[in-house]
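Accompanying notes for the structure given below.
Letters A, B and C mark the chains as written, and numbering starts fresh at 1 in each.
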Amino acid sequence: MSGERNDPLTVCLRGASQVFFMENALTGVLFFAAVGWASYASGNWATVIGAAIGVVVATLTAWLLDCDGPSIRAGLFGFNGVLVGAALPTFIAASPQLWVYVIVGSAASTVVTAAFSATLTKSWGIPGSTGPFVLTGWLMVAGAYTFGGLQVTGDAPKLAADYVQGAVAIPPALDLVRIFFRNIGQVFLLGNEISGAIILAGIFIASVPAGVATAAGSLIAMVVAIGMGANPATVAQGLYGFSPVLTALAVGVIFLNPSMKAALYALLATVTCVFVQGAFDVIMPPSGLPSFTAPYVLTMYLFIAPKSLLAPHPHRPVSGHPVGDAPAAK
Amino acid sequence: MSGERNDPLTVCLRGASQVFFMENALTGVLFFAAVGWASYASGNWATVIGAAIGVVVATLTAWLLDCDGPSIRAGLFGFNGVLVGAALPTFIAASPQLWVYVIVGSAASTVVTAAFSATLTKSWGIPGSTGPFVLTGWLMVAGAYTFGGLQVTGDAPKLAADYVQGAVAIPPALDLVRIFFRNIGQVFLLGNEISGAIILAGIFIASVPAGVATAAGSLIAMVVAIGMGANPATVAQGLYGFSPVLTALAVGVIFLNPSMKAALYALLATVTCVFVQGAFDVIMPPSGLPSFTAPYVLTMYLFIAPKSLLAPHPHRPVSGHPVGDAPAAK
Amino acid sequence: MSGERNDPLTVCLRGASQVFFMENALTGVLFFAAVGWASYASGNWATVIGAAIGVVVATLTAWLLDCDGPSIRAGLFGFNGVLVGAALPTFIAASPQLWVYVIVGSAASTVVTAAFSATLTKSWGIPGSTGPFVLTGWLMVAGAYTFGGLQVTGDAPKLAADYVQGAVAIPPALDLVRIFFRNIGQVFLLGNEISGAIILAGIFIASVPAGVATAAGSLIAMVVAIGMGANPATVAQGLYGFSPVLTALAVGVIFLNPSMKAALYALLATVTCVFVQGAFDVIMPPSGLPSFTAPYVLTMYLFIAPKSLLAPHPHRPVSGHPVGDAPAAK
């Protein structure tokens, strides 16, 4: 599916498409169009410029570090960079230091991607996915608070006690449609329904099952968040949906072979992810950090890690311990 | 020790007994009696109902996921579920959404148990123990703050600076006896000395050495917490003791072969765990979360992880790195 | 390089020198001189006494646990202990309970060192380095808040919103020299430029390349921190420099074979570490904890973890999963 063309532009567009697990340059074009539309709507062009710098720098860094060639060409070293590049200008005002930050952060995201591969993937078969973006993004945004050359523009830190909850009330139909698409747009940190629709189109172009899973994830997240009485303003921005969308797609279509059992398993994962999203909304704010796609990353890691035939460790002595090892083993 | 009977009720009771590493349905009956007594005393029946739902749903989920049969029958997929089921109604007021939460949380606890097995246990021989309960419980309680259908009833979040410390003062004898048993009851989140006594009886029924280690752990925790000047009100509720109790039992009897050296090692682990308990009392509250058995889990992981003959990495180049690898290796 | 002499004093001095990856008793003497000078300057003699107790207890514990003999003699079980022993009296006022704390903490640091070896090093070739000190130190300092017998003397917890940033302004030359040496002294938690100079001399005695990398790391950290507009008061204390100093040394000289590419990689790691230092300055304070060398530990782990020829997990099904595994595999 990686096609014949491997020029730098195609490779970088593929990198953008890998945010949703696709490997399709045209999908990447649509994803950039979605980010560009949101930049146009918000007037903050730094987001789309940052995304472009991010994917180029991350891919170039992988090439300089002699990383695996087929992986580079498939865009697997680019999607964390594009997210770092889009996220930093979303949370930090433009300044000369911001661009230093975007370049260093994107380059570091490639090192972190390689580190996740050499640990989680090598030992346990857990795909790093957007975990490297989350870790790099957290460190960079947190660090920004301490540098005068960087101005963090997000919300002020707050404690769990400050949370606003909602009663169970179903929004009007037009709002439901907006939420449906914003749940998808927020994967690229875009609270814009048009951008969400463009992204969904890009996914369907590359894979119909992936498009269906994405849509299903958005619906499930909407139903669960509203049914549990989540803050309506947060739900309306699509902030309860983007991690469940990725979870439904990853667990239901990408990382497990499709079956009825896999679909039910993906349903449990998606519902769980809505609760995990709520958890991160409480856990992160004391540090002044957004949760990014961490709820997806954690949920997906936990649901993909189990391996067949593995049993929990029984409650009896472990072997090879320096203290209290079995006498025969000494 | 798993006996002949493997009907669903026996398996679920064994799952309850595994909270204290036992594999004994009668012990499980006594553990449920202890939870029931505390529910009767507090008037909050949701706790014991939640515990029952938790062990059933967790065990059923393991069966649906084709998890290892002998492990399911030994109760190893049930004990995290029983704790999730008991914990959620302890920290969240009863509502329809609570029961959705208990069911999803218990089912998720089985997935998390399998994930811990496939990573910590497979690679390093570290038993997951109640780690899956702690992780699942944290995520569910944190998430509850953001949902209007769930009302968190615990203390408000506070910062380390708000801590109340005590002077070193030995409580009267009757209080010491209460603390001794509450240290054990709090493993099931029960601040009730009668429940603690019933649990200790259940452990002695299954294993005398386990009962002795449990009692020793409670005593050590009491002496250290009082000697360090911990907040007397917290000590009195048994909140400094439950993790050290589990640590003494796990390190001293369950996971290492008993010897004088293992006993001294378990003593160091138990004392360390009292300090780690203090640490979690400071680290967790900004997020509005209880520490659950995390102090035990972290201490036990660290004390069980070491393997014989393993040396720290010497301070010289690592091999196989893409940058700066040894010339001969290229 | 471990020489012929393996008497306890030599082994403990080597342990001190391993804080900067050296294995040289004379370097250890100079490091103790640096800590002693800072104790003399501040009047807090508990720091140097704690450091001595820490290295002795940690080394003795390793010997009692039958840890690897050559590693003990090389000082690899001592350097985390010396740091725990120096750190606890720096953040906690002297009292009888403090000395209990220093002894238990130093002993526990050896167990944690063995745990890191059996996990990070065994599976992924990642050196534990000062990670065990960071974890042990965090737990002990956090716990200290809850014990009346221990008085935490550090700053009160604060939130990210409270941060003071600076404009980009270059300090006078004399201040730059002070910062240069304090960046090195702070590795031992010493904000004293004379101590930093003694430590740098100790490193040059053992290894000229190591001394050059240490100096380069301090310079890079100073330039980046000032260029980004970090709080001038924090920069002046050397608090932006000690983790980058260790990163430059570890990545540039110790754990990778030197080359031009390794030098550029170490430069990226060092710059990244300055940002990570900023991040920890924001992430840790809500818990009332210092960051210790955590920024170095995290950055170094991420930059050392990547292995040659390892690719990120492609976005296709994983194998061996109980749900949705490939049909052929069943």
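Heads up, the rule we're going with is that a residue touches a chain if its C-beta (ideal position, glycine included) is under 8 Å from a C-beta of that chain, and two chains touch if they have at least 3 such contacts.
Since the structure is predicted, the reported quantities are computational estimates derived from the model, not experimental observations.
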| item | value |
| --- | --- |
| Same or different contact residues where subunit C meets its copy subunit B, judged by the half mark | different |
| Angle (degrees, nearest 5) of the CA superposition of subunit A onto subunit C | 120 |
| Distance from subunit C to subunit B - Cα centre to Cα centre, in angstrom | 31 |
| Residues of subunit A whose C-beta touches two or more other chains | 65-67, 114, 123, 126, 265, 286, 306-308, 322-323 |
| Of all residues in subunit A, those that touch subunit B in their complex | 65-67, 114, 123-124, 126, 159-161, 163, 165-168, 227-231, 234, 265, 268-269, 271-272, 275-283, 286, 298, 301-303, 305-327 |
| In the complex with subunit B, residue positions of subunit C that touch it | 18, 21-23, 65-68, 70-71, 74, 76-77, 97, 100-101, 104-105, 107-108, 111-119, 121-123, 125-129, 138-150, 156-157, 254-259, 261-262, 265, 286-289, 304, 306-309, 322-323 |
